[in-house]
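Every chain is named by a letter (A, B, C, D, E and F) in the order it is written, and numbering of its residues begins at 1.
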Amino acid sequence: MYFYKEDLINLIVPDKPDPAAAKVIQEVLGGRFGEMRTMMQFFFQSNNFRGNAVQYRDLIRGVFLEELSHVELVQHTINQLLTGSGEDQAGDAGVDHAPLDEAIKHANPHHFIMGAQSSLPVDASGNPWLGSYVYSHGNLISDLLDNLVLESTGVLQKSRIYEMSSNKTFRETLAFLIVRDNAHQNAFAKALETLGVDWGKLFPVPNYDINKYPECRKYVEMGFHNAQFNFRLDSTRIGEIFNGQTPSRNGGDLSVIDPPEGFPLPYMPELPNEHSPGLQDLNS
Amino acid sequence: MYFYKEDLINLIVPDKPDPAAAKVIQEVLGGRFGEMRTMMQFFFQSNNFRGNAVQYRDLIRGVFLEELSHVELVQHTINQLLTGSGEDQAGDAGVDHAPLDEAIKHANPHHFIMGAQSSLPVDASGNPWLGSYVYSHGNLISDLLDNLVLESTGVLQKSRIYEMSSNKTFRETLAFLIVRDNAHQNAFAKALETLGVDWGKLFPVPNYDINKYPECRKYVEMGFHNAQFNFRLDSTRIGEIFNGQTPSRNGGDLSVIDPPEGFPLPYMPELPNEHSPGLQDLNS
Amino acid sequence: MYFYKEDLINLIVPDKPDPAAAKVIQEVLGGRFGEMRTMMQFFFQSNNFRGNAVQYRDLIRGVFLEELSHVELVQHTINQLLTGSGEDQAGDAGVDHAPLDEAIKHANPHHFIMGAQSSLPVDASGNPWLGSYVYSHGNLISDLLDNLVLESTGVLQKSRIYEMSSNKTFRETLAFLIVRDNAHQNAFAKALETLGVDWGKLFPVPNYDINKYPECRKYVEMGFHNAQFNFRLDSTRIGEIFNGQTPSRNGGDLSVIDPPEGFPLPYMPELPNEHSPGLQDLNS
Amino acid sequence: MYFYKEDLINLIVPDKPDPAAAKVIQEVLGGRFGEMRTMMQFFFQSNNFRGNAVQYRDLIRGVFLEELSHVELVQHTINQLLTGSGEDQAGDAGVDHAPLDEAIKHANPHHFIMGAQSSLPVDASGNPWLGSYVYSHGNLISDLLDNLVLESTGVLQKSRIYEMSSNKTFRETLAFLIVRDNAHQNAFAKALETLGVDWGKLFPVPNYDINKYPECRKYVEMGFHNAQFNFRLDSTRIGEIFNGQTPSRNGGDLSVIDPPEGFPLPYMPELPNEHSPGLQDLNS
Amino acid sequence: MYFYKEDLINLIVPDKPDPAAAKVIQEVLGGRFGEMRTMMQFFFQSNNFRGNAVQYRDLIRGVFLEELSHVELVQHTINQLLTGSGEDQAGDAGVDHAPLDEAIKHANPHHFIMGAQSSLPVDASGNPWLGSYVYSHGNLISDLLDNLVLESTGVLQKSRIYEMSSNKTFRETLAFLIVRDNAHQNAFAKALETLGVDWGKLFPVPNYDINKYPECRKYVEMGFHNAQFNFRLDSTRIGEIFNGQTPSRNGGDLSVIDPPEGFPLPYMPELPNEHSPGLQDLNS
Amino acid sequence: MYFYKEDLINLIVPDKPDPAAAKVIQEVLGGRFGEMRTMMQFFFQSNNFRGNAVQYRDLIRGVFLEELSHVELVQHTINQLLTGSGEDQAGDAGVDHAPLDEAIKHANPHHFIMGAQSSLPVDASGNPWLGSYVYSHGNLISDLLDNLVLESTGVLQKSRIYEMSSNKTFRETLAFLIVRDNAHQNAFAKALETLGVDWGKLFPVPNYDINKYPECRKYVEMGFHNAQFNFRLDSTRIGEIFNGQTPSRNGGDLSVIDPPEGFPLPYMPELPNEHSPGLQDLNS
């Protein structure tokens, strides 16, 4: 069973609305290699696990638990990037235009039609999330290899999306997730090491230069690339796998630690134009 | 952030394998009105919530938290129904047939190809789960109305699926979920009552006769149709809405209670034929 | 604007329930070459029509109007094939089985889960109907050629589906539609003749032997393969194209005639097990 | 059977081409809550109807009949918004650009590739219409509740899309449909009232301020929000449900009336660049 | 079995990057009527062929073999249009923007997220290629008719896409493919002539004016519209069908000829920002 | 450019029709990890390749070329399994049943509706192949890792499908492909070895016991698990990577060899009931 404390796993840094950035970061939420995929894939793998080697199930489930917080973090990031879109033009008195005609130009129009300037379960191209993304074949090696590809591709995509806007809300969330995906790459690569692989200097994929992503630095300095957060209220055997030297070329030792202290959920203001939440309408 | 204790929210009752039952109960997991939909819909609605009326967000999030456990419960139910399929024929000595040729006849073949006799994110017809199922429009009334349709349809479908097998594993899980969907109907109907609706004798939908589903009785007697479990580690305002008389014709008072004590996850044996988990292969 | 008289375009011949037949005839309703496709394709083509040659628009729209009745006819055919499924076993006293466990074996389980033993917008394999099936490119020749392929494939598929059950409800509807698709093939082939093509002995596709489909004979004898029904309340220019010698090898002259007199919609009894319509529940 | 008179249910107001507006209003045609969905959903529900309470079937079918005209209206609206796109640049002599390079910048490119500047069965994000949108579960209460959500969401989405362009063709069609969706909300809410619900002041959803949508006013003054058009050539029992006081807070009495007189279909000129219809090519 | 010589079937003409052009020409690669469709459709039709009339199988397979080269040609065209996008802004010193924020404005963002500025199996609207596009019904006439529609629609779409950019890389590939689709139209139309049709002056569809597409002229002068390339290492019977007078109004005689001599694959430079191929990372 | 010699890469062993086997082996053709996926993935990766390390492109392209033959082999295998289905019942004189009513019971009905008893681009559950299966991210390591997962999963799935029928046509093709997938695993694992990985005893995945799949033995004895076929008509640098000791625990040295000599395509008889090819109809 699942328990909740209303805290975000990382800070939402405020900046101006940026619907074009919201559109592309949807890939990180609802894309084929986004957080909904990692969440659902590890959910299925951990409950479909067979046999006694439950330290591997605990590892996979542990990452799943964090992915729940990642989905939540990206939802709030998108909401922050969208909220307030279109307000700037309101001041263009005398111009015969509509409040959203500029906002939607490089946006996903569903952000303003199906959502009230808020997140959706779709990718950067507007395709809905698909159950067939999930890989849970029940063979531990193939499942771990696919998880490794998934986390590596997650970093790769985020490093590319990072180039698409200089918005601070956008980049901070991406940077945090790049470092955490790196940690999860380490988790699955380490699990495969226990089965005999020596990775040489292959990981992390891609071999990103931390100086290109300055927001990443503080998370690396906090050791977040070599840590696994423990969200279990009972005991876990993650530490039997996630320990000792990192399988990545950047070095350091792996350790299971407590989750971050938590950050407040940003307040999302009412949007009367979007009839959201619409309660004021009832009272009027 | 999300925390976990390795307990199921209800018991998995053992019975014989039944791949045809596993196929149809996939609707409850990955169907358009299944538990993955309720989970993701309430996840998006609670994080996309706007304004100060957070008692409604707490209610929606509260149901979301339980849906995580429901997804987990159905995954284990399907695994129980599948595990061991095909073993019976093994004894048919001298017959020129394949171990799974009977098992797949009325099964979803993906249960044996993509899964190692385990659950998948698809519906009863094998269609993958779709992000476009999620309804999160940000207008509180329309969101609540859709949630009501979703929970009502959940009960309706489960009462129909119940007729498709007499397998005990299958029926016990369905019965538990019918009663819990009923409670969630009450939650959303009650929330709409706070906005002015008087439901008359409309709910629950459908008006099922509890004697037709004997496994439901004990859950009703425990009051599970009028209770909302509280999975929050911090405080919640669910009780401001979920209290007083039920909106359903079957009567009683609503109350927020502690979750069930929890039941152990069933052990899933290794399946060498499916190469799952395949670790024994490495050691041989 | 569209007007309606509650009549079916052809008779629903009663026979026993046959869920396996219902499953495969879904192709004729919701398949890539089914009646929903023809209906929507001709709907888009007629309203997207450009230029003054409105006799072609009238022809396409005329076929569209009939397709509305075809969709309705197939919906009722499927409902007839499904209604009552599972009742036979109810008499098997003392047997520990569920009312629908046999019925769903070769059925589309969604017929009993999402529908109350009734029709769905899916194909014979359970895939939902897709907007991308529609061809409306706005070039008259390419649109007419695609319509020809669509109607030819309709006949071809129906002649194959015909071999899948000897149920009379099933075969009568297929036979009627085979002959009507043949007429629509003639309509589009004739339109292309006005643009210069001489079809030789190519049509109809396929070259079916009417003796193989005895139910077809009466419709051919009534001239339904060479007639176009007129559902317009105002005037139409269909007759400028649909006249003279048929483009098909089976000979005869084309003519625009009044629609059939109409047949009553079959009564669909209540199904308490499916909670359909469920009104009796409210009064109990 | 279905009959047709070549009239639009409302006027297409001419204005300049606006491909960006055409892109977003596709949601109203082919979106999850658009007119193709309402049309097909009520088509399936009315033909899948069980039992004797045919006044409900007549109500659902009555709305279906109007939806056919709505699909047609939106198709023509989109065509009007697209026709002539790209012509403006043609005058930019000496500039090395292509006739459509500007037009497609904020357009759905399929409007110019698959359509000849004309409507498509897709949503605002370019996703094709899906059969799985249709809800027809056969339980009258759940079907009516879903219809209510569908019509409410229709108004909600249209009020948001309205903000995306000030084009008159675009806004007039949206305004007409907002008022008609409101009437259909009333129809389904009233039907649920006959089953015992008292809606308080919940409807319409959302609680829109008519002054924000000035084009709506005339339709409200004509009473179109409280009327149901009768498209039956035989008798109908809609009036047994659709009568008396509106269930909506805006007051008034419901009545079944004759359809509007009808408006001419706009002429769609030939587009030689798009080879549409392409007949002039044959004669050259 | 298939053999390969590393040559492109036509030249890639260099020009500036143009991500908007890359987005729309994806239709030609992964659209419903694009080269992936033609390739897969003819692949299935030729291997699913029944009976002794293998000259038709040889014809279909012959076109399939060329389509392999077409897919390859369009992939390289897209890569050329994308490579280097975003570099221009790099010089805008002091401006607080991201390297790709302009490039993605009218682009498919997946070109920069899932691809490293390279081609994808999707259409111009970002929808993934679908197996259900393939038509292979096994009746020779219906298969040939559908092939004719497919090739005609290919030319029609390409003539429309041509108007969307004046980029030379883009237009040269389109022009080559327009002429080759024309030849394939001739192939399938001629095959239907052997079965009795006289096409009059119907083909090619659409009746394009070669002066509008100047890049086409040289290919027509080389006779590429009336030629079929022979990619067989063993003998083929294509020539039994593809000979004599063209079925198209533009005249000339059909002939089977050797493939073009072949053009070098363009060099695709490394893109460190996209971590592609990422080998330099390993060595650093 | 691509050249063809009409030979299959392996023998089609004749056996009785088995539509249930044809249904499940569709996974190997059109499934998420089937031969269409491997073919298209390596096609995109090789043409999207960046940089000078073309020995890797040659390796990937080399596997692509073989996958073309694999798709062809599975198409013919499915056709062999389907051809003749339903003929047995024809002899059941006096029984009132339809020729295909038994055949479709455990079949994919589309095999008899959309195909003329022939192969389709779908998976074992009837879902159409999807472009979004393709992984071509342009980072060599992530592409190679995904290829490894793809080939490993291919073997895993085939070893499971093998248990679903004892039909010889079915098992021989599966066995050949299991061994070839094993070779391709070696190819991609070896390529990663050149980048620094030491696999220990991880590969092949899964660790199958060759005695369980007796049809595999002869291919292993021929060294097919350690060989890469060369289908290039010009030179290739595959051998720079594919040489030396295998990365798999089963030992041996890798070598690039000539393709098999080739096997004749099976003759597919006409099926008049399916109107395939339907030419005899024209002459009658």
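Methods note: a residue touches a chain if its C-beta (ideal position, glycine included) is under 8 Å from a C-beta of that chain, and two chains touch if they have at least 3 such contacts.
All figures in this text were calculated on a predicted structure; none of them were measured in a lab.
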Far-end chain from chain F, centres as C-alpha averages: D
Of A-D and E-F, pair with higher C-beta contact tally: E-F
Same vs different contact residues, chain B with chain F, by half of numbers used: different
Distance between the centres, which are taken as Cα means, of chain E and chain C, whole angstrom: 36
Length of the line joining the C-alpha centres of chain A and chain B, rounded to whole Å: 26
Averaged-CA centre spacing for the pair chain F and chain D, given as whole angstrom: 48
Residues of chain D engaged with two or more neighbouring chains: 32, 114, 122, 126-128, 130, 132, 137, 139, 141-142, 156-157, 195-196, 201-202, 205-206, 274-275, 278, 282
Those chain pairs that satisfy the touch definition: A-B, A-D, A-E, A-F, B-C, B-D, B-F, C-D, C-E, C-F, D-E, E-F
Chain B residues touching chain A - in the complex, by the definition given at the top: 1-9, 30, 36, 40, 43-44, 47-51, 53, 56, 61, 65, 68-69, 71-72, 75-76, 79, 114-122, 128-132, 134, 136-142, 195-196, 231-234, 259, 262, 265, 268-271, 274-279, 282
Parts of chain F lying in touch with chain B, wherever the complex brings them together: 20, 23-24, 27, 31-32, 106, 123-127, 156-157, 159-166, 201-202, 205-208
Partner chain B, residues of chain D touching it in the complex: 32, 127, 130, 132, 135, 137, 139, 141-142, 145-146, 148-149, 152-153, 156-157, 192, 195-202, 205-206
Residue ranges of chain B touching chain F (in the complex, touch as defined): 86, 96-101, 104-105, 108-110, 112-114, 122, 126-128, 273-275, 278, 281-282, 284
